[in-house]
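Notes follow once the structure below has been shown.
Here the chain labels run A, B and C in written order, and each chain numbers its own residues starting at 1.
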């Protein structure tokens, strides 16, 4: 397995000294400043391209009709699949989940799925027989640290952008309409959680940074990922080991995280509205709708 | 079976009759396995865990795949802490078999490995591996906390130098996230039923400081409740630390009585000089 | 699950004071002795004062609330259990002293106490020992840490180009360089490439060796040598692993680690090798075979020359059933000693063996009974500690 080259002792010392004595990050950001976050949607529904500095993530949502799990007949199926390929960084291998990947997928799972962001009951079509299976594939295109926050943002953006085909039930007959027949409908969405990751440096984890890049991630001694929505509800907190950090510091991190989450939320809402406008103006959908009207009328 | 949380506000008693700040009975033993370098058995209420530590030792020529990361590999300057968790099929009500690749278990392994790696003085054992093997015999909530406590005890038993105990427990909050109830009380040490119904978190602290090594929250909860839960959790960890410490001391004193270990210079004798 | 609730006795505002005693019972581990429970503990706060460390009911008064409980100094540990003070043992994280006159040794680290003071703190559960101004903590139990001059028994786990890697029960594998063994062919000669090619003919994976620690690496790894007739490959006996001198029970460093025991019941002489690392080898004593013609001129080099022929043999000699039985008996003695937490050294093993022979005489199965487990073992241990 090709191992990722670790930064040399001098590099580490330089970074730490700059951080702790001079309060300077190597890329000149403030401690609580994110790298520029950019989100673009694809032409299809449910494709979100997120870049956070040099970290790039593509998330694609898709849906198909399947049979629900026997133990949950009234719920749809919702899965998040993550893929860290050698494309992201040479030390990731295909088909062999690394620890990073397992932790990333668990975090996304806890943040988005277990917090009930997606209303899985609305995915049920015929109780115990037919339901939608919504799947989000997360592809890391480029890895430069802080995969979690970027991936979580991408997943939420993709799901909120996604439209599933409309369906109807008449006399026990289930009809799934193509986009040409009926405008696809958005998913039942309850709240939008976002992850904010703090990285800690120093012997007692006294220096805390937001949005660490890959170099900083390799040097950090601990990290905590806090998932919140803008209503101030914690969906998940994960400080999985590492150097112990003062409890009070963690509380402060949480409150800063909340303001960041509100920023994310506003940014995503803005982008979604922008995209909706663009599609509306494109006229393609409007044209289709006119055609349909003519047939029905 | 839904938990009737409305009952709590009447008598301030929880389903199992505890008050908000009471731990369940913790029973622990060390040196349970003669063949291992260190071992422990821990019960937190009905959650029962066994732990066996082997090492630090240098892996032979066949360097097996180790799960649970920790710090560094076989050739690094620090010892690697490899954790392996086996959850017995009979440990919970639904006899669900968990495969080896179960992500939840992998996450637990990684958490325990990283939490202990931060306290253990791994720099003293270059090129070696500390193998921690945990067996869950019975589950009734606070699983991660019990695993961390058992692993800490076993590492103490194995004589691996560490900064301090890593002690863990859970804390919760009465009433669910939906009810924005300002009067919600924090709860200490949640059992399985409470974990199912109420928001909660697992905290592990280093020694009797307020420094948090592990903080895992997997349920939705108002951010304003975090502080109360965290404070109760941290205090619970201190209580747990005292209990673990007592277990170790009693074992040590027993060994002195049996003559296995000679008496050393007592702290008090020393300070007289 | 519906719960029947009696009319509420406790109200929200009532301080949970009355429950405190109940708390400390509840959280207490089973093993706690009763003497700890008394409320009237004189002087200081005992560790069990669970009541004092309960959290206040609600921490809502800002971040300071959580922080205020930070510096509750650990109470002094001076409660007594059966006359041995609790302070006889230190545990990880316990401050030993803040006095700067002491130097820290093994098993301790420096932690910052209040006011920039450095405290020597224990990192192990063990006992404090002191050598002049050096404070160290001896663990109750730990892996073997090699020291120069230790006699160890080890197992070859890896064969490399010019050295073997030997498991000696330490945290790292020890190295046995090809240059540190007696090469066959007499006179101390330089090792050749031929020797390197046939490295496996000397020791192969799984072979047991007895060796001495020659030097230590900076990181604690050991280098062994077998340049003496006492050392080399082990044959004709049984291996057993008990805990070594890392701490707590098992083999202790003593005057003699290797001796020959004259066994009872026609067993003949038996060699016992107690490796300082806790690995034990018990074997039939074999006199070095010195051919007739060499007898006249027994210079030490000659002896080596002759002996080295059999030195790396992997064949056992013939062992009489009587000898085997006595070897098994000695093995049982060592096991019994370890199980009952007694030290393993020449004196104890010899006494234990004699005692075991006596025990066997009165047993129903006669002197052939070598069983020393369970009650027998305890009986043996009791007899030894009584002396």
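To be clear about the criterion, a residue touches a chain if its C-beta (ideal position, glycine included) is under 8 Å from a C-beta of that chain, and two chains touch if they have at least 3 such contacts.
Because the structure is a prediction, the values reported are computed rather than measured.
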Check: Could you name the chain whose CA centroid falls nearest to the centroid of all protein CA atoms?
Finding: B
Notebook entry, point to check: Comparing centres built from CA atoms, which chain ends up most distant from chain C?
Noted result: A
Margin query: From the mean C-alpha coordinate of chain B to that of chain C, what's the distance rounded to whole Å?
Written below: 26
Item checked: Euclidean distance of C-alpha centroids - chain A vs chain C, Å -> 52
Item checked: CA centroid of chain A to CA centroid of chain B, Å -> 30
Next item on the list: Would you give the residues of chain B that are in contact with at least 2 other chains, written as numbers and ranges?
Entry: 209-210, 227, 230-231, 234
Checklist line | Multi-chain contact residues (two or more partners), chain C | finding: 63, 66-67
Item checked: chain A: positions in contact with at least two other chains -> 246-248, 251
Margin query: Going by the contact rule set out above, which residues of chain B touch chain C in the complex?
Written below: 1, 3-4, 7, 10-13, 15, 18-29, 31, 34, 37-38, 55-58, 60-61, 79, 121, 124-128, 156-165, 185-186, 188, 207-210, 227-228, 230-232, 234-236, 238-239, 242-243, 245-253, 255-268, 270-271
Note to self: Going by the contact rule set out above, which residues of chain A touch chain B in the complex?
What the structure shows: 3, 97, 99, 102-103, 105-106, 109-110, 114-116, 204-205, 221-222, 224, 228, 232-248, 250-251, 254-255, 258
Check: Once bound in the complex, which stretches of chain B touch chain A?
Finding: 68-69, 73, 101, 103-104, 106-107, 110-119, 177, 201, 205-206, 209-224, 226-227, 230-231, 234
Margin query: Considering only the defined contacts, which chain C positions touch chain B in the complex?
Written below: 1-3, 5-6, 8-10, 12, 16, 19, 23, 26-33, 47-48, 50, 53-55, 57-60, 63, 65-67, 69-70, 72, 74, 77-78, 81-82, 84-93, 96-97, 99, 107, 109, 111, 121, 123-130, 135, 138-143, 157-158, 165, 167, 170-173, 219-221, 246-249, 339, 341-343, 385
